């Protein structure tokens, strides 16, 4: 293939007032609010960055395709939706089948289809990464693809673009990873042992041992026994092992746990029923209803443990994982084919909230993919229960419009102070500053909209932007303590 | 405790163009439209103000805390959600347990936490009450709390701030209360007997005798027998008693009834089944399904009665009452912990609409807390059935954004003329002008938005603002007749 | 009745910048984008215009009432909702009962109530039809009604206002009708035989033979046998007959099929079960559950056939047809009383998408009336599956706000390139240019909003407006081929 390197292309840069409303008064206020927080440190309390990137000070990000395309299902799903095979993008197959190895060719396909990202959050983040993080001055198109690749490749070869260097340049105050209950946290230990000052903390995510239908669940229980030192043969020993792991995660800096479920269903089982289900699961005989009830019960148990050990509890509700059988069979999980469903919180959370929701020692942060629950259920619940807080717009809703809908539908009823600032929730490390910058800009624009409409005054807006950008997340996740 | 009274604080006032879009052209048109209705009388067809306030010409509102905090669950729920005990806000406990008695201290806690109300409708109403109704010139903060308290206390001691005086100053043309089917309406009678000219009308709300699961239902039936003079021992006598009460309410000025249910389910039972359920209920043996079907049937019966006696029928759907057991047990009902659920109207209302919906003698006004039903179900239904009208945005949606969503999602399909203007639905009497003013401003801004987008012309907008602010509500609730 | 013809009335015209935001910068960009596509040909891939209008070159539209009121349930539903009997609007009764015959009187009633259309899409389309298509210079009111009627009547009598002449003046490149599987397409054949150059194509809609509960289903099966030449006595012969008809429609220019269902439920039956249900249906013994499962299965079969014959598959989900029994009994179907219900796609489409969704030979275009599924389900699905595309906002949502919600809730996640431009879906032929013009204006305004917010640059916006206005629809419906 011929890669055109000789053409000259016009300079392109990100508009400095991006994401602000066009009205000059609102825009001026938005800009001033944004500027007051633009340089604050980034607090990233929930995400999926691989801690190995920071365990070895010489780790690198690889090629531009390895940095921006191959690991990012937000990106390759849009190419796939237009009929471009995942193999041609270098996505590894489970069966080891052949996939594209020429990363320049992968990059070219991506750039040839860059129009697919017009108006999408991935498009916005990529623009920020290329132009702000990497200093590229051309717009990415099929024609500029190889020229841009050259620049990225050269930068990635320098020490300034290694993970730890970018962590520092990005001004990240704390970054939390998400880790299985059975994870020995060796990379986190290596980071600590290395003497590097970056604050990277694990988060305790027990889904793979709590969800009885997880493939390999029994192996996970064996691993849980081994890593915890508690022989798990019953529901009480299962809980003991979880408590041991929580204590260990806490000793490694964790301030939070994370739980995912298809529905928000909570229910309390008797100890006998919990153990009977657990025994059936050990025998490989658990039914889908067993799994549903066991998860519902364990979510309540997790709230109880959080009251006792102080770990903040995150609850992500409403995604059908591995929806597309063909893609899952061929490429595995986390490949962009998890699809949301309707969620229900009012009835489903009632058992948990009735038991623990009035206890201010609990912080339960709920995330939804069903925006119809924002104003109808979650904001009224968060506006009453001391324990309940709303997480920021999640996943598909981590976008300009997603944020605006969140502000408009949540804030009047819940109040800003029952929300927790921003999560980037990303596995794409170089997109972190782009995502936080977008949140800060859209927050500033929302607040400027309140100021020009006489709903809050400028003094209040100045406090509120500090809260959305920095203070609320630190307080909710207990990073101040 | 030391209350600082000596500091000086900057003057603060409500922005005159509040709630209008910032675009200068839209803002100018919005202002002109607003000004054309700003001084129209207030028509309040649905709310929960206590008629006792007006039965005695010397009644007062008590302390500032008794006026603005203790009776207003919109206010104290936000303080509670941040971990402030309701006892510290003076909310009376059912068990007579000790609660804060120092109203200055309650006020101080409230003011110390006034940031919680930033951007909320309660914050907007409170600002209007303090600055417009009471003439306070300082922003309420922890520092100004006692100074503001002093001013409110002084005003509340004057005759100009008694309920009847404020009613007149607020320019209220008619105010409807909400009253149990068993209520003898003694306060309404006292108002009439007093010769005072204020037009205060009851509304017939039979929920406590219709919902078989209401605590104390059988006592309510006994009371219904007594007050109606009809011995209620069967379904037919139950209906007779309801008809007697409706006639009585009508004789006392009522033009409407009000019905609340968790779902919009309607269904017609045979007379035998209705009576069988009623007999089970009298024996204390009604099941939840009995109650559900009985309510569904009685809603249809109420439509039949409305066609006969001309009372407008209001139907409020979708709130789970007394959701939080702890708060309910300790403080009782209406404490800010009623939480919405998903609603369904298309299938649920079909029996009622098929039987009565084409009859123009019926006016059925539906209210929802599930905004996803606005454009999907309610606007198409109201855009077809002569009997069906949509109530204004309710409760959590009685807010700037709630109104905008309502205008945007309802009006294109239902048309303005299948809506009924505004309800304030409040138990907080001094918030009434704030709420109507907010509706008029947001309506004016919506209409100005249509004008600047060339969707309606200025002549039409001038008519439409009169309709939203005054004419539609009078027509729908038959106050013209 | 006296019709005032002598008054003079002020000139009235459509604002040239209608539907654009008021901000001067956004408005200027919106206008430029709009102007770049305003004169492009109209591509109308889905609608309900009667092909008879074009089969005879001398066909006319009749009176103004026959043109604009009597056949348009969008219009008369709003009059009916305010208590105006359909009989007084000339809507024919099934029983042949008397209805208003004086079309000037019908027009007067309509004009007297023109305020009902303020802010509605019908109001916008009517304004465009009167002022742009017919050159009327007065605003339609009760006072101008007869004067406007005179003008319309005079124009309709001229050759320039016959259907074929308007088709050419409207610059329609292709117009698709919707036709039953059993339709012999005689009018389409007559159009072809006439030598007229207008490109009018049929669309294959098999609902009346697929939905076992359709009134007259068995007669439809007899008709299917006759028209296809395949004796339909079993499920396999049913499928053969459908395949014959699809081939015939394709030979007549069809590029698409259309399927409607109350829910999006898909499921694969065994051949034995499919035939057993079919046999029960032939015996008149099919149950509602049989019908539901048979439709679910046939939708999957239709996807298989589309992969084989290349016909684009449209799927319209979520309307309860003939909701109002009284109106249906008296006036028949399609009378404005079809009401939407909640929709669910994630679980319902999974069987179909797992089997066929990864096959780029399939184009499945989904339409919803439940906007809560836009961001939650449809955009994520379309952003992954190569076969899936989203249809434009449908029916009640074919409006300024409906389009804005669609753009805001769909585009960030699905990307523009998984949508298919615009459908007018109308039976009101003269409203076609109004509807496409509105789409182009609102699209231009949406894109201008992205430009002023720095989300896309002007170059991209110039491409995107061509895509939304013209290119995407041609590509999706294979009109290029």
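Letters A, B and C mark the chains in the order given here, with residues in each chain numbered from 1 onward.
The rule we apply is simple: contacts are C-beta pairs under 8 Å (C-beta built on N, C-alpha and C of every residue); 3 or more make two chains touch, one makes a residue touch a chain.
As the structure is a prediction and not an experimental result, all values here were calculated from the model.
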Self-check item: Chain contact topology (line, ring, star, complete or other)
Solution: complete
Quiz item: Would the interface of chain B with chain C count as same or different, where same needs over half of all numbers used to appear in both copies?
Solution: different
Self-check item: CA centroid of chain B to CA centroid of chain C, Å
Solution: 40
Exercise. Quick one: which residues in chain C touch 2 or more of the other chains?
Key: 21, 23, 372
Quiz item: What residues on chain C touch chain B, complex-wise?
Solution: 12, 14-15, 17-23, 77-78, 80-83, 115-121, 124, 139, 320, 323-327, 336-337, 339-342, 369-372, 396-397, 399-402, 405
Exercise. Using the touch definition up top, name the residues of chain A that touch chain B in the complex.
Key: 21, 23, 25-26, 344, 346-347, 350, 353-354, 357-358, 360, 372, 375-377, 379-386, 388, 408-409, 411-418, 449-450, 452-457, 460, 463-464
